[in-house]
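Heads up, the next two complexes both have chain A, just with different partners, chain B and then chain C.
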Partner chain A sequence: MALRKADQRVSISDSAGVVVDARKLTTREFNVRLHALLSQGKTRITITNPEARHNLGVGLLQGCRLEFEGSVGYYCLSYCDGIDATVKGNSGWGLGDNLMSGRIIVTRNVGSSTGASMRGGEIIVWGDAGARTGISMKGGTVIVAGDSGFLTGFMMQKGRIIVLGDVGSAAGDSMYEGIIYFGGKVKSLGADAKIEPVDRREQKEVVGILMSAGARLEDIPRSFKKIVSKKKLYHYDSLEPLERDRMVI
Partner chain B sequence: MTTLKEPDTNEVLSQRIVEDIQVKAELGRYRIRGFSTFQRLVHFDDVMFVARNLTERNSENGTVETETILGTRFAERAIKISTPVYITGMSYGALSRTAKVALAKGAAKVGTATCTGDGGMLTEERRYSTKMIYQLNASRYGVTPQDLVKGDGIEIVVGQGAKPATGGLLMGQKVSAIIAEKRDLPAGIDQRSPTRHPEWLGPDDLGIFVETMRELTDWKVPIQIKIPACRVRDDVKLAAKTGADGIVIDGMQAGTGASSEVVLDHSGIPTLSAIATAREALKEIDLYKKVYLVVSGGIRNGVDAAKAIALGADAVAIGQAAMIALNCNREIPGVTDFDREVGVPAGYCTKCNTGKCPVGITTQDPELEKRLILDEAAVRVANFLDSMTTEMKVITRAVGKNNVHDLSPDDMVALNLEASIMTKLPMVGTQTVPSMTRW
Partner chain C sequence: MCGIAAVLYKVQAGDQRHPVGRQLREMLYAMRHRGVDSTGVTVCGESFGTDYVARLFVPGENAVDAKVITEAKKAVMGIGGSIDSISRVGSFFRVGLDFKGDVRILADAILGVPGVEIHSIGRSSEIIKDTGDSYELDRRHDISRLNGTHGVGHVRLATESQVDIRHSHPFWAYPFPDISVVHNGQLTNYHTLTRKLQQRGYRFQTHNDSEVIGVYIADKLSQGIKLGDALEQSLDDLDGTFTYVVSTDSGIGVAKDRWSAKPFVIFETGELVGVASEEVALRRVFPENVERFEPQEHTVLTWNVALAPVIGGRS
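And now, the complex of A and B:
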């Protein structure tokens, strides 16, 4: 799937916003309510009292603007396409799991596996990110203003992660074509990962993405480095005779 | 001095092991192959049905019902299939497009289901399959929410019986440009999939993730969890407690397109032993027949299916048998030459991993794929599924039942001690089962 531009805004109706109090609803009722509102064309929704509940806002496949007034739990805003969401608080595991397009902003910290398997769009974390940030990404961008944890970018296939702070141990383990930009230090590299310098063109590109995401120029590191794959694990080193006759169509 | 007419057979260092060591001395790594284990394991041939004859009058009504309903625990729309056997998940990538479509068409002809396998959904499979289960693997290749919601069920794969606790493997010669694009990978690489799902680590998180899938699908379709047969008793209980509608137990005799031989031959437990353990585990938590049980791994015919059902399964899934029905390991005069193309005679090929399938099933080579004629292959799949159904009916009637789902352990005996202990069936000639305090 082609990566949509991070700043490509989805079409949202001009209807007045709706407020949904999540405290009064079960998870099922909440998601049903959300889907019903969207189908009625009410695409600006403020959610109060999410109280770090799990599975809020799953499977939203049309343009909408959501604001969570508080923290969310596991797998919130997962399997979505075309959303524009802000979480004013923390998020649990798996935020934006398999995101197809759109933007998710978290004003504080996120747990493990943020942006897991995402295919497009942008996730912006203004605090720190936990372990396995961007695990198995197939596209899109994850931005972490603070530090990112253990196994960041594990088995990342495509896309990019930009960490303004430090990256935890086993960074970029077993990556394919993803890139992890970092402004601080890396605790350790994962299997088949290496650090490369970032040239001026790329630096400018990264700064542009960050400013587009809302970062202030004075908060952006003067220079980034990047973690990429050494690509030594792409092929078995030795092959049996029948395996040797390689063919790529 | 006597001259031996035949060489001595060394059981430890057999000819196969000698060859294996010599190859690995060149390779410097484990060997990879497709298909299933070479181990001689206890299997369905070690248990028998026993008719009642004079002890109970057999029904004169010859009809046997085989309709099967999966997913009544929570899903709004259970999967209803005409026979308790469906096609297990095999990926487009491991299999050719023609093979996948033939399986879909064949399954649709008899009114049963298919499963997508790894690598996402093939559009044609959804078009031709009347019941399609979307398989969610650790890799998440090709997964989109738009496709997920098109499934009639979702299968979350914890692992597969052929290679427990290892990720998928697709060798470079099968990662064509089309497959690479679908999986978001560079073409031609030796694809290695993750062993664990990206966002959940253990059964508690899996329980939350099952709810994610429910919310995504509006609670409409069954969610099943596929487990390789290893620590079955605990795994089944943990899977059932996640809130899934069903559990698929995949035994050690299951097949794969590619695996290290180490795991293929030395990890997991036999399918036969897994079924009874799974049944008892569900009974212990009062979820037997509330959570449905699908068994896969070496199901070869209708009587294997019937035995699995008698032991506690609600349905079985077939993979290798379906591929053989397509044409796997079949010498086609004037078309194939197994000896020349894959180095072994037809009937002995396990080279799915090489992409050189002479019959066009486990390949991405368009020239080889042409050897699989779509509609003929679909008919063969349908015929084989029908043969399985008629076999189930015959054996069900023979033990005096009119519904294949009424088959029970009381209808069977074990032929040897191993099978008796594994299945808790009395050994033939006895009325008892060897006792065990925990199993």
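And now, the complex of A and C:
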């Protein structure tokens, strides 16, 4: 996958950091421990044995560097602001729900509803993403090096999704604003979505974002297309035939 | 909410069996947050010393009075069957029996006894389900000692019907031996499906929407339709949200709805396949770092057990 070459840049663990073994803690104890460490100024934390458990690292509101040594479950790193985190494994559903700012990298695949309602920051997936990627996004960027699934960008309001691979069915369904860039194919479009070409300026912008996220130029598709809203739905521009006849335009 | 899990070993040499019961216990325990009301498993590919094992449930005070089971025994013998063994845990009875006729006749004879419910009748599989989590299920019913070739399991959070044992999964697909289903989701056309099947002579023991899936699939199988095709047809015929797993005597099949509404992840090697609603269940049993795969919407997958013949050792 295109972004995997950035391995070296993100996985250097810090020997001055703290190690937290998730196996020994309940979910509540784990989150309380993280919050306590951050408030003590211990902001570089390595988490071992996450074992794909849910709700790990919730509500972290200050700058920190986190590394999860293994897969995480649902709602990992939700309600966070200013974090810099890497998950070395898979993530379940709802990764980075409501992210305000910061960066989350997942080295393998993510489940559904990645980046749900996020407002800023970046979520970077080196593998594939599941259904409803970027659902109801309100800002920020989701990057998927592989493919993204069914209902990608569902009800998106703002922000960007960049998929280097293919996008599944019903892409961009009920989008308000926001843009889904894709380098491969789209299985089908969702309600009120359309495909537009990407001009040279925009292409350069997308490439720039991807390279900042760790991609190498040669791994980036040469030309992206984008999915945007037709903007008929929310302007309530669908008239009944009788109404249309009576309208004076 | 509900959680489902299954495990299948692809090849066995001769009598070899695997700790399917224990693995299901672990996977279901990891997902107990998805369902706290009850837990159930179907262990498949067992070797019984009799034609069938019937798992019966006698709810309420009827179990205290042994008369009900005596009546059931008489009913079986009345149609030409013979009882080999009966073991009992509270209201649950495990009956080893021999019978050479149609399983429907056997099932109807037992159901004719008031107060008896059938959890399963199988040649090589049995369903054990009870309230509580999987460790409680094991404490009461010893599921970790059951070995087989494959199995399915379920943790239940009741949404469409009561919290009780009768409405727990897995559901046996009356009257077909060794077919069961576990389901995560809700069917919205349950009544229409049930009515159609009842008109064709099938009977249902509960008002639970998931029970109809097993009967629907088994009905297709009895018409000679292959499991994969039956699952494909169900993608259109079932309305609602679902990820469900069917167990047969020779394998398992999964169907995932068109909305990708209910989660499902797969772990597969050359030796086995493990599937579950959440990766946290897989990681509890399969710690090696093999990739987990999440199928998308409108998907059907099947796996079979291949019993390798024993001719001078492994073939």
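Note that the second predicted complex is superposed on the first by the 221 of 249 C-alpha atoms of A that agree within 3 Å, B and C clash if a C-alpha of one lies under 4 Å from a C-alpha of the other, contacts with A are read in each partner's own complex, and residues count from 1 in each chain.
Keep this in mind: contacts are C-beta pairs under 8 Å (C-beta built on N, C-alpha and C of every residue); 3 or more make two chains touch, one makes a residue touch a chain.
The model shown is predicted, which means the values in this text are computed figures rather than measured ones.
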Of the two partner chains, chain B (first) and chain C (second), which one does A:R33 touch, if any: first, second, both, or neither? neither
Does chain B (first) or chain C (second) touch A:E243, or do both, or does neither? first
In the superposed arrangement, which partner chain does A:Y234 touch: chain B (first), chain C (second), both, or neither? first
Give one of first, second, both or neither to describe whether A:N109 is in contact with chain B, with chain C, with both, or with none. second
Identify the partner contact of A:G168: answer first if only chain B is touched, second if only chain C is, both if each is, neither if none is. second
Given the superposition on chain A, which partner contacts more residues in chain A: chain B or chain C? B
After superposition on the shared chain, which partner residues are touched by A:H54: those of chain B (first), chain C (second), both, or neither? both
Using the touch definition from the top, say if A:E177 reaches chain B (first), chain C (second), both or neither. first
Should A:Y79 be classified as contacting the first partner (chain B), the second (chain C), both, or neither? first
Does chain B (first) or chain C (second) touch A:W93, or do both, or does neither? both
Contact residues of chain A, present in both the chain B and the chain C interface: 54, 73-74, 93, 112, 132
Footprint of chain B on chain A - complex, ascending: 1, 27-28, 31, 54-55, 58-59, 61, 73-75, 78-81, 93-94, 97-98, 100, 112-113, 116-117, 119, 132, 135-136, 138-139, 154-155, 157-158, 174, 176-177, 233-243, 245-249
Report the residues of chain A in contact with chain C in the complex, numbered from low to high. 51-54, 71, 73-74, 89-90, 92-93, 108-109, 111-112, 130-132, 149-151, 168-169
Name, in rising order, each residue of chain B that touches chain A in their complex. 23, 26-29, 31-32, 139-140, 143-146, 148-149, 171-173, 175-178, 184-190, 192, 194, 198-200, 205, 208-209, 211-212, 215-217, 219, 342-343, 351, 353-356, 364-366
Sort out for me which residues of chain C touch chain A in the complex. 33, 259-260, 263, 265, 278-280, 282-284, 289, 291-292, 294, 296-297
